[in-house]
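The data blocks that follow each hold one structure.
Presented sequentially are two complexes of chain A, the first with chain B as partner and the second with chain C.
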Partner chain A sequence: MRLQDEAIFFERARKGAALFVLFFLAIFVFAPLGRLLRETEEVIAGILDPQVLSAIRVSLFQAVVSSTLSVVGGLILTLLLTRARTYEKFASLLWSIPFSIPTLVAVYFWLQIIFFLNEFGFSARPSLFWIITAHVAFNIPFAALLLTQARMKISETELEAARTLGAGRWVLWKSFIFSQMRPAFFIALLQIYMMCMMSFALVLLLGGGPPNETLELGIYKALRAGQLDMDRAVAFALLQMILIAIPGAFIMPHLLKKSFSWSQAKRILPIEGEKRHGKIFGMLLIFISALLSLPYLFTSLSGIRYFFSESEFLFRELLRPTLISIGLSTATMVVSLTLATLSVFALQQRSKINQWVMTWGALPGAISPLTLGLGLWLLTSDFFDPFLGQPVFIVLLMSLQFLPLALRWLWEADQRDTKNLYGTARVLGANPFQAFWVSKWISWRSSLLWTGALIFSASFGELAAVSLFYSESLVPLSLQMSRWMGRYAFWKADAAAAMMILFSLAGLIAASRLAKSQPWGWRRG
Partner chain B sequence: MKTFSSLSVRQLEKKVGNFLLRANFDVKRGERLALIGPSGCGKTTLLRLLSGLIQSDRGEILIGDRHLTDLPPEKRNVGMIFQDLALFPQMSVLENVTFGLKMRDIAKDQREQIGLELLNRLNLKSRAKDGVQLLSGGEAQRVAFARALALKPDYFLLDEPFSSLDENLRGDARSLLKDLHAEWPAPLVFVTHDSRDVQDLASRALRISESADRSLRSFDG
Partner chain C sequence: MRHFIINSLIIFSTVFVVGCKKSTDPTLLKVLTHDSMLGEGSLGELLKKEFETQTGAKLEYLNSGDAAQMVTRLELDAKRGQASAHVVLGLDDSLWARAKPLTESWQDWKPDQWNATREFVRIDEDGFLPYDYSVFAFMADRTLLKKWNLESPERYKDLLRPEWKGRFVLEDPRTSTPGLGFLRATHSVFQGEELSNFWKSLSEQWWALSPGWSAAYGIFLKEQAALVWSYTTSEAYHRAHGDTKKRYVAVKLKDPHPIQVEGAAIVKGSLQTEAQRKWAREFLTLLLSEKIQNALPEKNWMFPVRGDVKLPESFQDVPSPTLLPTKWQEDALLNDWQKWIAK
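Our next item is the complex of A and B:
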């Protein structure tokens, strides 16, 4: 192929990929949202309803308090890490554990704590306190990861130069460290606020009923718990979108002014002076990090014992939901990775269409699965009965939910500097695909594997996307587990949690083994 | 009129990885001492010890009779230039140059006057309000010089100060540094890999000496 033909071929292919992604998003994101937005009069009617007002108050309160406490906690862990950098790898590993744990498993851990406290005579019961506690504990590691990434980017020579020029520790913190971490601080705050606002399983199971009802829970209850009340569901969904959009509109323009790139992380050189008491800070860091991460694993794995003692239950009640979950999660992983890969391929060329791909591709991250699901419901209920179970819609909602994550990680993999390797391969006679194989595929492969494993794991425990379109013949493990928890069948929930964790860990272990090994056929080359 | 004292490094020791770094030398007023040796031998570590960015295990650093060994870097009054210059990207040229003065609580008017005089001396006055990202390599180099000089330091430490410049600019930068040092002849220690730097700039050079098993590396002179 001549060079010019090759350029034309790739330009067309990228344009095709961009159009496909945009078409997909237009049908499955913008059309449902547009349908939802046609119902604006419901908001005006709904906002005067005391139940809606209460949901707004609870949603805002728990999201603001949880996100603030999480980011402050994450900042403290980041500061501990800068005093004990030898513990960095271990701490990061511990912080990444909650990512790989299905939310439902974390919820289950907190439910067990509540019942444990009751057994010891404390009168603990699901309440707003537990919603906030669980949100904070679950999100501190996430905030710490984001803030540490930002801290790593601060040039250590810059700090050293400031010190030799007379800057004390307070000036260093205020003028150099925090001023450069500020964008990450607000990004973390915004992301956690959005996640808490859209939180479903956790609020459903730890909230304890109507006084603690959030907007997200309101959508579900108006549709599938009790009488179908479409107007109220729409009011809840639109108000939730507004409450998510307002802080975003305030923070995002400020963040866009700052150049904030995820892919330029620099290692921090250790400052000898800061190593004093490093061991104490390090132990404290590991202790807190372990406390925030490991209990989920241990509590859930305790259910494995039922696999051996209750084989009849295993085959009669657990097998079918597990198989359904495997199917839904695998499909979700494939759809998400395909969309993200096509988007990244399209984004390699700068054009107006591709700017839309980037912006629109990130949009589903700011819309809750129930809101989007409600839009789909309104749009399609004349053709597809949601009460009969719609696995395609469940997969779509989950795929769109994880698309921003997949897009970001694959984009980072693509941006790793391999230009010289690619160029060398080309001048040595490789065609574009062979050159991609020897230069970019290494970073792509590991990102694909890790992202795929995390999506698989997260969708295994996803409840919100499932809750609108399930039927009695389509009950995945997450829904079954939440039912067992609701009926106080804790030993069954225990076994379900163990099953979820086992599948999550299996996916992650497989990804880590494959990512470490040589690419397929590498040695032959 | 400022009187300049010698920089004395007495039996300074630091365990670095699998070797012990030792230094024992004096740098007099107006002297420019070059530290030379292969990569990874401990030259930059020695500069970081002299600046206070890392703490020595043993030994003393003095400027005249004043003990610096236990002082943090901000108390040492050192003019240091880093290999990558370490200009603060969020600040303008003038803010970079006057940053050390601000840390010493010098009034804004006064520090701006000092900064602008220095920038004028280095033909950078017109760039005073520009961001440092807009500077060329040579200009950035001069800003780093100005920032170190603005403090009227007791001694200078330069870590491969010309490595980011191409050969043509290096010659000019060496001449400029010599001129500036003649105007403020505090003891100056610099690290380099370039023999031209040693030839054109150094009053004296110290090459690292290693024990047979390489467990002890020292700069003695």
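Our next item is the complex of A and C:
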């Protein structure tokens, strides 16, 4: 193929990919949202409903408090890491563990804590306190990762110069360190706020029922629990979109543009004068990080014993939901990665249409799967019975939920410092595929493997999308586990949690064996 | 590019259509029911066996989750004009007002043994076939009562006492029929502001307001609460399962107790042939047969609706409290309740 023909072919292919992604998003994101927005009178009618007002208050309160405490906790860990002379890689590895923990497993851990406290006479019971505690503990490592990445980008030379000129610790912190970390601080704050607003399984199982109900839970209850109340569901969904969209509009473009890459970051040098007690701070850092990450693993892996002692249960009750989950998670991973790959392929060429791909591709991250699911429900319930079980909708909702994450990591992989190599290969006569293979594939392969493994793990524990479109013949492991937890059949939930963690870990171990770096850039070896 | 878009459309349409299978077997009776009627050793299993032996037709269950979801399913089916089942099994008196317009009138037909049923379970003379009932009540764990120095409550208002904080579990009346029963019971005892104040205070007291009975009972059996809102017949279950020391007992209050009547009905517009109507009616008749009514107490842990059925030994000590009437209207009450407990 001549160079000119080749260029035309690739230009067309990129345009095609962009149009496909936009077409997909238009059908499965904008059409459902548009259908919801047609019901705006429901919001006006529903906003004065005390139950809706109560859900707004609870949602906002728990999301604001949880995100603030999480980011403050993350900042403390970042400061500890700055003071520690060693262990930062180990700490960051511990912080990445909650990424691979299905939310349900974390919820299960906190329920066990409530029961444990109750047995010792502390009169603990599900409440708003436990919702916030679980959110904070689960999100501190995430905040710490984001903040440390930002801290690592601060120039040590600049800091050293300021120190030489007599800047004290407070001035250094205020004028140099925090001022440069501020964007990351607010991005972490807003992102965790959004995740807490959209939190479903955790609020459902740790809230103890009304009055601790959020807008997200309201959508679910209006649709799938008790009497079908479409008007109320729409009111909850639209209000939630408004409360998420405002900060979401700030955060999403930043998340895609800002590159928080460990590969670009440097090792933090301890500030002169802060070198003392570095080991103690290091130990403290590891202790807190382990406390925030490892208990979930230990609690859930304890259920493995039932695989041996209750093999009949394993085959009769656990096998089918596990197989369904494997199917749904694999499909989700494939759809998400395909969409993200096509988007990144399209984004390699700058054009107006591709800017839309970037913005639209990030949008599903700011919409709760239940809200999107409600839109799909309204659009399609005349043709498809949601109560018969709609696996395609479940996969779609989960894929869209994870699309921004996949898009961001694959985009970063594509942008790593390989342009020269790619250009050189092209000059030497390699076609674009060959040039891509020798220059970018290694970085792409790692990102595809890690992102795929994380999407697979997260889909395994996803409950919101599943809760809308399940049927009794389509009950995946997450839903079955939440039912067992709801019925307090704990040994069964134990076994389900162990199964979930085993699959998550298997995916991550496979990715770590095959990939050479993590999508957040922390390189092996 | 045009081909690409058209192909994508075809693929997506195909994938969606796959999720929309329909069965039109004329020898099949489809029965929509909820979780607790199904499974090994359940009443549903016995019914299927008896029905298929007696009629030669096939019976297939469609599981809808819980009773309220079952009615939602009927409503969606009616909206689409496509009934997915011929008979609905497991409706109760609280859902009947919603379900009645979606079910078929019996006209001049009445099942055999209709007159053998207790009068208070006949909540409607047309369309609703009652097959079992029970009385709602608190189940108490006497071991926990002793451990926490608690006395069984005598009236609903006793739950507001400080010593009961975090010691009992209730169900959400929006999603659970026992929960709705409890709301009805309090409505019969308290009036006006007294009722709203009772619920406002109660919302600070419970361990959890569970979405359903099974979750609430699980918390109770996990020894997290000394009381759970359940049925008097739960005591019979424990007695039959080896609780000879009477650790779990139903609490007879001085206030009236609500009851729950479960029934079945034929789905409107679902029957295509007279043979199907015959089978649907035979299925309803089977529910009142001696064999099923005798099996009911220790399968569903409810009372049979026929007064001439002898109860098993496990039911002998079940208390008989004062009962609330069965016919009532819950819509306004539920809306008010949501205001009372909002934060």
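What to note about this one:
Everything below uses one rule, namely that the second predicted complex is superposed on the first by the 484 of 525 C-alpha atoms of A that agree within 3 Å, B and C clash if a C-alpha of one lies under 4 Å from a C-alpha of the other, contacts with A are read in each partner's own complex, and residues count from 1 in each chain.
The rule is short, and it goes like this: contacts are C-beta pairs under 8 Å (C-beta built on N, C-alpha and C of every residue); 3 or more make two chains touch, one makes a residue touch a chain.
Please read these numbers as outputs of a predicted model, since none were measured by experiment.
Measured by the number of chain A residues touched, the leading partner among chain B and chain C is C.
In the superposition on chain A, contact of A:228 is made with chain C only, not with chain B. In the overlay built on the shared chain, the residue A:385 is in contact with chain C alone; chain B does not reach it. Of the two partner chains placed around the shared chain by superposition, chain B is the only one that A:179 touches, whereas chain C remains out of contact. Once the two complexes are laid over each other on the shared chain, residue contacts for A:161 go to chain B alone; chain C is not touched.
In the superposition on chain A, contact is made by A:115 with chain C only, not with chain B. Counting contacts as defined above, no chain A residue meets chain B in one complex and chain C in the other. Residues 12, 15-16, 19-20, 23-24, 27, 49-51, 53-54, 57-58, 115, 118-119, 123, 125-126, 208-212, 221, 224-228, 380-392, 472, 486-490 of chain A are the ones touching chain C in the complex. Note for the complex: chain C touches chain A at residues 1, 4-5, 8, 12, 15-16, 18-20, 35, 62-65, 68-69, 71-73, 75-77, 79-80, 84, 98, 165-166, 172, 174-176, 203, 206-212, 214-215, 218-219, 221-224, 338-339, 341-343.
Partner chain A is touched in their complex by these residues of chain B: 48, 51-55, 72-74, 76, 78-80, 82-84, 86, 88-90, 99-100, 103-104, 147, 151.
Those residues of chain A that touch chain B in the shared complex are 155, 157-158, 160-168, 171, 176, 179-180, 271-273.
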